[in-house]
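Naming follows writing order (A, B, C and D), and every chain is counted from residue 1.
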Amino acid sequence: MNAALEVRKLCKSFGALKVADEIDFCLERGARHALIGPNGAGKTTFINMLTGRLRPSSGQMLLGGEDITELGQAARVKRGLGRTFQINTLFLKLPVIDNVALSVAEREGVAWRMFRAANAHRGVIDESMDLLQTLGLAEDARNSVARLPYGKQRLVEIAVALGLKPRVLLLDEPAAGVPSLESHRILEVLAALPGDIAILIIEHDMDLVFRFARRITVLAQGAILAEGAPAEIAENQRVREVYLGERHV
Amino acid sequence: MTHSGGYVADPRFRAIEWLPWLLALLCFFVAPSYLPLGSYVLTMIIFALSLDLVVGYAGIITLGHSAYFGAGAYIAGIFAARVSTEPLTGLAISTVGAGLLGLLTGVVILRTRGLALLMLTLAITSLCLEFANKATGWTGGADGLGGFAIQPILGLFKFDLFGKTAYLYCLVFLFASWWLVRRMVYSPFGASLTGIRENDVRMNAVGAPVYMRLVVSYTISAALAGLAGALLTQTTQYVGLKVLGFELSGELLVMLILGGIGRIYGAFVGPLVYLLAQDYLAKQFPEYWYFGIGMILVLVVMFVRGGILGIVDAGIAKWRGASA
Amino acid sequence: MNIGKAAVLAAAIASLAIAVNASAQTIKVGVITTYSGPGAAQGDQLDKGFKLYLKLNADKLPAGVKVEPVFRDDTGANPDAARRLAQELIVRDKVQFLTGVVWTPNAAAIAPLTAEAKVPFVIANAAGVTIPLASPYVARVSFTLWQASYPLGQWAAKKFKRAYTVVSDFAPGHEAEEGFIKGFKEGGGQIIGSARVPMTATDFIPYMQRVKDAKPDVLFAFNPAGKQATAQMKAYADLGMQKTGIKYVGPGDITTDEELQNMGDAALGVLTVHHYSAAATRPANKAFVAAYKKEYGEKLNPGFMAVGAWDAMDLIFQLIRDQKGKIEPDKTMELVKKYKTANSPRGQIVIDPETRDVMQNEYLREVRKVGGALANVEIETVGTLIKDPWKVFNKKK
Amino acid sequence: MQDFLSSLVSVAFHGLAYGMILYVISVGLSVTMGLMGFANLAHGVFAMAGGYVMLTAINSQGAPFPLAVAGAFVAVALGSMVLERLLYARLYTAGELEQVLFTIGLIFMAVAVARLIYGALPQPVHLPEYMKGQLRFLGRDFPTYRVFLILFSIAIAALLWFGVERTRWGAMVRAAVDNRAMAQSVGVNTTRLFTLTFSLGSGLAALGGALGADIIAIQPTYPFEHLVYFLIVVAVGGLGTLRGPFVAALLIGVADTACKYWIPELGAFFIFAATIGILLWRPGGLYGRAAT
């Protein structure tokens, strides 16, 4: 049993519209896996089902071999499933470090404490600070997120997810909205992530995808079109037709 | 000075935080004839603190907090009229009772947001009002509940005509409530409430049990509101239906915003300024004081977002900027 | 600069001294009434009555004695606020009398305080039967609902067989209902239905439709004077209940003199029993009404609440005169029990020494047009110097 | 059985009259809250103002009833336009709390001003002779005025429906409710649209206040006392729709009347319980877009 995350025959429809059509999918331990597909292929819906924001119509999801289909969002996070959002979903008015610390505190299970000061939880703060250090955000720790440039906010988004020490990390377009000059910074950060985390990335920036991923799955109209190593995908005629052909000339 | 809590905020007391307590004690000696009003202000500060916890920190907008204030007030009244006039027991039972009501209603309504939540809170307090109005056997209905004389506190301190005991009684419980709220605001729990207010999607995504946490904060806040209500009953030895009216919730919300929300001391400054202004205006212009209060509200919204403490902060920042 | 300051200071001290001097002969009277909120209309009546009396009678005090009223707004039926205001009036303003109070719950909340502080409290309106029992320092010059409703019930039983009652859902409403039902049943009548309407109701049509469908001979109604009374009367007219032969009766609160013109012709023929009508032809009343209209405008009629305020102030003035400006609470209450006057706008009134509640005449009135305007015309005196019947019945037990 | 049927008819009739008044007053609030996202608790102020304008016109100027009603609509619509430009517009971007505080402040001021000008007593309503009395049909008497109210309000509802569904202005409103940024980008002048819609909504409230003066008495505390009912209509109906408040107002009007008729001892219990039930079932209201 080597799958960090496994999905069996996952279906979801909104009325007559099928946005997930019997998806079978497997994320290996320590994987660097990309999920690509044209707009409206159902990528974000897929992620939302994995994280528990959306309930699938049918099918099964396993995290580290355990069935999580019926679990809520919080329970999945507890079992090591972290995510980032396509559009920044951060605490804009709070300092950068609090963004990360809130996530670390949830994982450490101290977030219910009502009497001891947050400030006295050195473990949480140190760990958050270390994370920021790794991502090169240390000097911005006390600034509010709203004051950071967008590129850095994307990094905070990743830092918050890492604060959960996930076994599986779902990155929803980490470079979306970032000027191409800064996207290399995102790639650097992604490349430096601990090897034991299984990572599934959704991305439109093909440059980034082909440099980062060791395996690629192509989604089109809610169904898996192809899956394989980057080279295979690049060669795949059908993929080129529906997707790469239009973009990756 | 905003007391927004969080992981980098320093939770130690600043010197200025002792000022309200000094002033409160000073008042006791300097202005003894204002003690009945003073007790009322202290009670409303407790109530405002409880509201600040849910509105200012957890971001739950409510017009129904009088349900819990009123529940506390009526439980204290019924307890005194039927069981015992011992004040501390009554206070404890009222606080727990209001907390339970907060838990029960919170579990039901906190799954919703926005206008629906606002209306649900409003409907709940209106429902409680109707209930108290109809259960005349217990509550006295529209005539109110009175005719009990609260025993001396611990058998030692009699509630006197000048309101000295009542004032100190309220002050002690305000101090305790303030201490509790302040601790909570600076705790990880408080930080997570702020997180929920700022972005509940993200809080869900980091695995926080958002709904449970809202329910817990709502319950604690309801218990505090109940405490305030019970204090009002015991110090005035009478309960009327107005303690359950949504007008009271609205007024309280106004006081809190006037002081500044989500900063602990806004709950001190708001009721103090509002009630003093009301006391003064209501005497000078009994028919038209509403106009003055309304004017103040409109001006505050138009020119000073963040309430009175917001102005103070802005002033200090400006002054520091100028001197630096 | 310094000299200027000193001069200001000296002036300040001097004026303070004068103020202190003057207050030595000033008797402060705390007046609690309602200036804001839904009950402001009622509070306004009291306010006008007090102010008129004070204005016209300032010279009827012993030489050098002055009455200084201190007005406070209780914002409606709000007992805890009322109690706090009373407490402040006693400790902060050091008043020697309390008066006013529109609402029964407010008076009930204030009463125990007066026992502790020994401040005589003259109730100018609040009519709940039990209030004077709560403190030996309470006296009431207004009325109780039993005083009007019980005789009305007895009288109505002679003319009608089947009655329906619709009253406001609070203590005075319940008392009016009980008083009428007792009187009506004792006279052999039958009650075919009763409804209690919330105090917040604005539309009475549904309740009245129900009455209409039940087809009683007579409808007994009670609302706290003001817009509810008008709304109920309107519903009576809109549904055409007059035509179906349902007579509309109640205590005088349902056709108060100040509200009557708003009710329109629907009110014609309504029968009420009450202690006061602005249309009464006693000389004392004519003078009172004339003064009231002169002060507040020709269109405005004084109602029974204005009279309650007037009489409360008259009692307080009498007590001040009797003690030559030196008020002792216990002596005051002894004097209260001896109070009687024939010069009230409502005729003669006496304070019952046993209960410190008012004894007064009750008149049967009918709403008629007098000179183009509606008026409560007194057609019969149903009782002379009636004691509160409730206290009489409950003493016997 | 005969009795029951006839009481059913009267409950339906009176409930309809009450509901229609609630609808005319509240529909403007629903639209402004849906369109501009403005929590305007002071909506009742406009209804009260309408009532005062009409009653003043009739009682002291001797204006005929239809003219006075029209005057109430026009005067309040114009007045609210000024208010919107001067004050409301500056708070569109502010938080809900600020809007609540501001509009409560407005209510306070309006209450004091009304009391200063008109005194605390409710204003007498003098209807023209042709509105008094009863009309007889189906073997029962119905108050003429309420028959008129129902017909008139239905006409207004129809007119509104036509305006929103079939005119250019309506198309712009619907577009802006759905997606304001999109509407702006296709050239809708939202500032002007807001002002016009706001003043129309306020004018309708004034119309409701004026027509309903006989049912909901016009006195200074009006905006406070009836706020809960306006809000319930809006919340239960759902924001930004015309059908929502219509159905909600009817529901409330009929249910409330039925409750008063058959079980008066329940008081307002039923209304609040029903509101809670509906909102828990559909947090977005009956016809609101599904809340996520």
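Simple rule for what comes next: a contact is a pair of C-beta atoms (placed from the backbone, for glycine too) under 8 Å apart; a residue touches a chain by one contact, two chains touch by 3 or more.
Predicted, not measured: the structure shown is a model, and the values here were computed from it.
Colleague: With chain centres set to the mean of the C-alpha atoms, which chain is at the far end from chain C?
Modeller: Result for the farthest chain: A.
Colleague: Which one of the chains is closest to the middle, using the mean of its C-alpha atoms?
Modeller: Chain nearest the overall C-alpha centroid, as shown: B.
Colleague: Per the centroid of Cα atoms for each chain, what is the distance between chain C and chain D, given in Å?
Modeller: Averaging C-alpha atoms per chain gives centres 36 Å apart.
Colleague: Centroid of chain A to centroid of chain D, CA atoms only: how many Å?
Modeller: Centres of chain A and chain D (C-alpha means) sit 48 Å apart.
Colleague: How many angstrom lie between the CA centroids of chain A and chain C, rounded to a whole number?
Modeller: 74
Colleague: Which positions in chain B are in touch with at least two other chains?
Modeller: 133, 287, 289-290
Colleague: Give me the residues of chain C that touch two or more other chains.
Modeller: Each of 36, 40, 169, 198 in chain C touches at least two other chains.
Colleague: What chain-chain pairs meet the touch criterion?
Modeller: Every pair of chains in contact is listed here: A-B, B-C, B-D, C-D.
Colleague: Which part of chain B faces chain C closely enough to touch in the complex?
Modeller: 32-37, 40, 133, 140-144, 146-147, 149, 161-163, 232-233, 236-243, 282-283, 286-287, 289-290
Colleague: For a test of understanding, state which residues of chain C touch chain B in their complex under the given definition.
Modeller: Listed in rising order, the residues are 35-36, 40, 71-73, 76-81, 83-84, 87-88, 90-92, 104-105, 108-109, 112-113, 116-117, 128, 134, 169-171, 198-199.
Colleague: Residue numbers of chain A touching chain B in their complex, please.
Modeller: Within the complex, chain A touches chain B at residues 51, 53, 73-78, 83, 85, 89-95, 97-98, 101-103, 105-107, 110-121, 124-125, 128, 141-142, 160, 163-164.
Colleague: Contact residues on chain C for chain D in the complex?
Modeller: 36-38, 40-41, 43-44, 169, 195-198, 200-203, 205-207, 209-210, 213, 226-227, 230-231, 234, 238-240, 258-259, 261-262, 264
Colleague: Where on chain B is chain D touching in the complex?
Modeller: Its residues touching chain D are 55, 61, 108-109, 111-120, 122-124, 126-127, 130-131, 133-134, 246-247, 250, 253-254, 257-258, 261, 287-291, 293-298, 300-302, 305.
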